[in-house]
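What follows are several structures.
The two complexes that follow have chain A in common; it is paired with chain B in the first and with chain C in the second.
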Partner chain A sequence: MVTGTRAAVGIASRGSIGRDRRRALFWSYFFLAVFVIFFLTPPVYMLITSLKTSAEISAATSPWWVFSPTLANYVELLTSSTYLTFFRNSALVALLVVAITMLISIPAAFALSRMRFWGSATLATGVFLTYLIPDTLLFIPLFKIFAFVREATGIELLDRWWLLVIVYPTLTIPFCTWIMIGYFSSIPKELDEAALIDGAGYFQLLTRIFLPVALPGVIAATIFAFTVSWAQFLYPMAFTTSADQLVLPVGIVTTLIKGDVFNWGQIMTGALLGALPPLVIYAFLMDYYIAGLTAGATKG
Partner chain B sequence: MARVTLRKVVKRYDETLAVRGIDLDILDKEFVVLVGPSGCGKSTTLRMIAGLEDITDGEIIIDGETVNDVPPKDRDIAMVFQNYALYPHMTVYENMSFGLRLRRAPKEEIRTRVQDAAAILGIGELLERKPKQLSGGQRQRVAMGRAIVRDPKVFLFDEPLSNLDAKLRVQMRTEIKRVHQKVRTTTIYVTHDQIEAMTLADRVVVMNGGVIEQVGTPDELYHAPATRFVAEFIGSPAMNLVPCHLVETSSGLGLHLDDNLVLPVPADRIRRYQPYAGKSLLFGLRPEYMVERRVHTGPHQFDFEVLLEVIEPMGMDTFVHFLVNGMDVCARVNASAGARAGQRFTLCADLDHLHLIEHDSGKVL
Partner chain C sequence: MRSTTEARAQASPPVRRRAARLPAFASRKSTIALGMTLPLILIIGVLVLYPAGYAFYLALLSKSMDRFVGLANFDFLFRRETFWMVVKQSVIFAVSAVLFKALIGFLVAHCVHNVPARGQRKWRGMLLVPWVIPPAMSTLAWLWLFDPSYSAFNWLIQHAGGEGVPWLGDPYWARFAVILVNVWVGAPFFMIMYLAALKSVPEQLYEAAAIDGANWWQKLWYVTLPMMRNIIAITALFSLIVTFANFDIVRVLTNGGPVDQTHVFATWAFKLGIEGNDIPLGACVSLFMVPILAIAAIFILRDINRRGTEA
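Our next item is the complex of A and B:
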C-alpha cells in the first residue's frame, strides 16, 4: 500500500524533476564554460606569444595565431644560466619553506586542535589573525629590521635568497596551521583516545595514527605553502637585488625588461615555464588528496 | 584480570558536577554494567577509569594500584568506543595488533594472539580488510578484537551496541556475553538500555544525576529496587506506580488506591509498614503480578474488577491498560483470557510483590 503510493508519486513527478535537473545542468555547464574561457585566455595567449619571434610579436598580425612557430625563446631561456639560477633559487626557497612550515604547523595544529590548555582557543584565533596582516604593510618595517640587524651584528640578510626562507614562513605558518586545525578537529577524538589506550605516546599518536589519517589536510596545507612561496613577488622584489640571488617572478621582470624594452617572447616563455612546477605538484598531489580517507574510522 | 575500586570519585566540568562522589567495588572477572538516563555521568565515570579524564576528587584503584595520575597507556586497560574508533588507514590485522606492536611484542606472539582473538570473534576472514570495507557489526567485532588481543586487566565498553540495528544489537549482546565467559576479563560496560544491562551484567550499577542509585544483581534490582528511580527505570513495561493512602483496617493495614479499591497489606509486611500508617505513599506493582483471575496459588492474591481501556496483544501475553484514580495502570494477562477493550474484567494481583515508596525521599520502604 505504502510502496504503491510512493511509486505513483515518483512517476507523477519524474517529468518535472527531470526538466529541473536538465535546466540546472545547462546553466552549470554554461557558467563553467564562461569561467574556463575567462581563466584560460591568458595562458593560451602566453603560449601563443612564447612561440613567436620578436619580429612577429611586433608585426601587426593576429595576436591569436602563430605564422612561423619557433622554440627559440625556450631554447634561449633554458640555456641561460641566469634563468636557471632563478629557477634553482625559487625551487630551493619553496621546498625549504614547505619543510619549515610543516615542521612547525603540524605540531602547532595538533596541539591547538587536540590539547585543551589555558588560552588554546584564543591562541588558535590569534594565529589566524596574524595571517590577515598584509605583506604590503610589513615589507618596509621588515626591511628596516634587516638593515638594523646588519648594523647591530654585521650579519648581512638583505640581498640573500635564503632570507626568503626565513620570511615566507611568517605568511605560510599561520594559514597552514589554521587550515590544519580545521581538518584535525574533524577527526574523531576517539581515534586518539583509542591509540592512547593502546599504548601510544603523543609522538607515536601523531606519526602513526594522526598524520596518516589527516594526510588530505596536510597535503592541502603543503600545496598552499608551496604556491605562496613560489609566487610571492613583493618580498623578493624588496629584499633581493643581485641577479644570482633573485627568484623566478622577480628575475623574469628585472632581467627581461631592459628600460622600456620588453622582451615579450621570453617574458611569456619564462612565466609559462615558471607556472609549470605548481601545476605538476597539483596534479601529483591531487591524486593523494582523497577526501573521505577517514571513512570507516567510525560508524560510517 | 583485576579488581577495580572507586572511592568518592568526583568529576567537575567548570560549572557542572558530572559525577558527585561515587563508591564502587568491582570484583575480579566480574561483568558490571553502568546504566542510567542520558547525561547521568556513565561515560564520564568510564573515561575516568580509562584515564581519559582527570579525576576532580577521590581515588581510582586498579589491581591494588592507585591510578589517579597514571596515563591511560600504563593502566593496562582496553576500551571499545561507541563509534568503534578503528584506525581507518590500517587493516583489521594492523588495527588489532597495534597495541602489541607498540609494546614491541615478538612477531610470532602477535600473530597467534590476533588469530586467537579473530577466531573467538569469527573475523578470521577479514584480517586483510580496511575498516571501510566492513559492515557495522563487523567493525564492532574488530573493535572488540582489538581489546581482546591486548589481554588487559580490564575491558571498558561505552555503549558499544548503540550504532547497530535492533536485531544485530541483540546478536552482538549475546556475542559479548559469550566472549566474556571465554576470556573472563573484568568488564565495565556502559549503556542507557536497561534490557542490555539486565541481560549482560553480573551486577548492575544504576546511576542518576551523577550518583549511584543502587548496585545489585539484575534480580535484586528487579525484585527489590531501593528507590523510586530504580523501580521505574528497570523493567519493561515499567512498574505501575499509583498514589495511595496507607490506612488502618479491621484486619490490619490497607492500601487505599481509590474509593472502590482498597488492597489489603500482606500480613508479613504489616510490621514493616506500620510506622507509615495514615501517610500518603506510592504503591508499586509490576504488570506481570496482575493477571487474569485464576485459582489462587498464594495467600496474598487479591481479585478486583476494572474497566479495560486499551488492549495490547504481544503474542503469548496481552498487556491491558486501565485507570486507577486517574492513573494509567498496566497488567499482563494471558492472550486466551478474553480481555477486550471497554469491558469489565477481573484481575488478580499478587500482593507479595508490591512496593511502597515514600513520596519525598523516593525510598522504597
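Our next item is the complex of A and C:
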C-alpha cells in the first residue's frame, strides 16, 4: 500500500523532480570542482616547484608550469645526511610512539569497557577530557620540568630525539583509548561470557577474542597515533635544537630556511617527501583513516 | 546489565579454581583491571595533569623563577597593548576560522552526498587531502604561494590585470592569510564528519517531507539540520578548541608578524616563554586558553553523559 502510493507520487511529478535533480547535480559538481581546486592547489604547487631548478624558480616564466623538469632536488635531499637524519628520527619516534600507545591504550580500553570497577566510568570520561588539553598549554611547564630533571639528576632530556617518544604518547593515548573503548563496547557480551565459561582468563579474552574482533578499531587507532606523531610540530620545536636531533617538520622549517636565503625547490621537495608517509597510508587505508576520524564523535 | 553480571558470576568458578593458587589479591578482577589501566593513569598524571597544574604555579613566579610574585605577571600583561591585541586576534582567528570551516564543510558534504554513490569515494578521497598532510609542511607550500616577490597567486592576479597583494606584509592581509590556511586545513575534517552524519539521516524522513510538498530549503531546515544538530555542535566545539590552541600554522606562515599583529596565544607564549626565556610570563599567556577550553569541555561532557544515559 505504502509503496503503491509512493510510486504514484513519483510518476505524477517525475518531470519536475528530474529537472530539480539535474540542477542539484550540476551545482554539486560545480562546487566540488571549485573546492577540489582550492584544496589541492598547495600540494600540486609543491610538486610543481619541487621539479624546478633554482634558476627556473626565479625566472619570470609562469610559476604554474614546469618547463624543464628535473629530479635534482630529490636526489640532493635523499643523499643529504641531514635530511636523512630528520627522516630517521621522525620514523623512529613515530614507530615507537605507535607501539607504546597500543601497549598502553588497548589493555586500558579493555579494562574500562569490560571490567567495571570502582571509578571506571569516571576514568573513561576523564581520559577523554585530557584529550582536550592542548599541547600549547603544556609545552612551557614540560620544558621547565625537563630542565629541572637535568639539574636534579644530571640526565639530559632536552635536545634528545627520544624525549619525544616519552612526550608524544600523551597526545595519542587519550584518543586511542577512547576509540578502542567504543569498539570494545560494541562487541556482544555473549562472546566474553562464552570464553569465560570455556575457562579463558582476561588476557586470553583480550588477545584471542577482543583484538581480532576489534581489528578495524586497532588499525584506525594505529593510523591515528602514527599521523599525530608524524605531524607534531610544537614539542620538537620547543624541546630539540641540534640538527641531528630534529624530526622532519622542524628540521625542514629550521634548517632548509637559512637566514633570508630560501631555496624553495628544496623546501618544497622536503615538505612533499615529509608529507608522503601519511599520504601513502591514507591512500591505501582510507576507510580505516576515516573510521578513526569519525569514531571520536559518533562512537562511545 | 544485571543479567550479564549474574551470568559472569555463574561462569567464574572454573577460572577461580585455577587462580586459587595465586594470592587472592593478585587474582581479583579489580586488581587486574587496575594493573591494566595503571600505565594510562601514570602517563596522564605525570605528563598531562601535573604539568597543567604546574603551569598555574609557574605563572606566579618572577622571571628568574626564584621569587613568588603573585599576580604581578598578569598585571604586567594587562598593561601591555600587545596582550590585548593577541586576545583580540586569537578570538577573531578562532571564531571566523571555525565558522568558515563549518560552512564550507557543510556545503561540500552536501555536494558529495548529492552525487551518485559510485563517484563519492573519489571526491571524498581528494577532498580530505589537506587534512592528511602535516600542517607544518602544507603551510610551507602556502608560505611559498604567498611569497612577496614570487607569489604564484600574484602572478595570476597580475596576468588577469589586477595588482599584486602583499599577502603576509600587510597586517590585514596577513590575518586573512592565517585564517585562510587554517580553514583550508580544517574544512575537510568538518566535511567528513558532516558526511557521516548526513548518511545517518533515514531516507524515509526525506520521502515523507517530499510527500508533504517540502522544497529543498524546508528539507534542509526541518529534516537535515535537526538530525545533524549534535554532530554539528560537537565538531564545532572540537574545532574551536584546536583552532584556539593553534600553533604550527601561525608559526610557520607569519611567526606573529608583521609586528606581532597575527600572534595567537600559543605562538606568543612560545615567543615569550621559550625564545624570550621568560617561562612564567609564557605560562601566564598560555593559561588564557583555559577558560575557552573549560567551557567547551563542559558542553562536551554534557553530551557524553547524555549519550551515556541513552545507551
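By definition in this document, the second predicted complex is superposed on the first by the 246 of 300 C-alpha atoms of A that agree within 3 Å, B and C clash if a C-alpha of one lies under 4 Å from a C-alpha of the other, contacts with A are read in each partner's own complex, and residues count from 1 in each chain.
In this section, contacts are C-beta pairs under 8 Å (C-beta built on N, C-alpha and C of every residue); 3 or more make two chains touch, one makes a residue touch a chain.
As the structure is a prediction and not an experimental result, all values here were calculated from the model.
Engineer: Going by the touch definition up top, name the partner, chain B or chain C, that contacts more of chain A.
Structural biologist: C
Engineer: Given the touch rule stated above, what does A:Pro212 touch, chain B (first), chain C (second), both, or neither?
Structural biologist: In the superposed model, A:Pro212 contacts chain B only, not chain C.
Engineer: Counting only touches as set out at the top, which of chain B and chain C does A:Thr79 meet: first, second, both, neither?
Structural biologist: neither
Engineer: Just to be sure I read the superposition right, which of the two partners does A:Pro188 touch: chain B = first, chain C = second, or both, or neither?
Structural biologist: In the superposition, A:Pro188 contacts chain B only.
Engineer: Touch check for A:Thr122: first (chain B), second (chain C), both, or neither?
Structural biologist: In the superposed model, A:Thr122 contacts neither chain B nor chain C.
Engineer: Touching A:Ala275 in the superposition: chain B (first), chain C (second), both, neither?
Structural biologist: Only chain C is touched by A:Ala275; chain B is not.
Engineer: Once chain A of both complexes is superposed, is A:Gly199 in touch with chain B (first), chain C (second), both, or neither?
Structural biologist: It touches chain B and chain C both.
Engineer: Which partner does A:Ser68 contact after superposing on A: first (chain B), second (chain C), both, neither?
Structural biologist: Neither partner.
Engineer: Touching chain B in one complex and chain C in the other: list those residues of chain A.
Structural biologist: Touching chain B in the first complex and chain C in the second, residues 193, 196-197, 199-201, 293-294, 296-298, 300 of chain A appear in both lists.
Engineer: Going by the contact rule at the top, pick out the chain C residues touching chain A in the complex.
Structural biologist: Chain C reaches chain A through residues 4, 7-8, 11-12, 14-15, 18-19, 29-30, 32-34, 36-37, 39-41, 43-44, 47-52, 54-55, 58, 65, 104, 107-108, 110-112, 114-115, 121, 123-138, 140-142, 144-145, 147, 150, 152, 155-156, 184, 187-189, 192-193, 196-197, 200, 207, 210-211, 216, 231, 234-235, 238, 241-242, 245-248, 251-252, 265-266, 269-270, 273-274, 279, 282-283, 286-287, 289-290, 293, 296-297, 300-301, 304-305, 307-308.
Engineer: Inside the complex, what are the residues of chain A that reach chain C?
Structural biologist: Residue list for chain A touching chain C: 5-6, 9, 20, 24-25, 27-29, 31-32, 35-36, 38-43, 45-46, 49, 57-58, 62-64, 103-105, 107-108, 110-112, 115, 117-118, 120-121, 123, 125, 127-130, 132-145, 166-167, 169-170, 173-174, 177, 189, 193, 196-197, 199-202, 227, 230-231, 233-234, 237-238, 249-250, 252-253, 262, 264, 267-268, 271-272, 274-275, 278-279, 282-283, 286, 289-290, 293-294, 296-298, 300.
Engineer: Can you tell me which positions in chain A touch chain B when the two form their complex?
Structural biologist: 188, 190-191, 193-201, 204, 208-209, 212-213, 293-300
Engineer: What part of chain B is in contact with chain A in the complex they form?
Structural biologist: So the residues of chain B in touch with chain A come to 50-52, 71-73, 77-79, 81-89, 98-99, 102-103, 130-134, 136, 139, 146, 150, 163.
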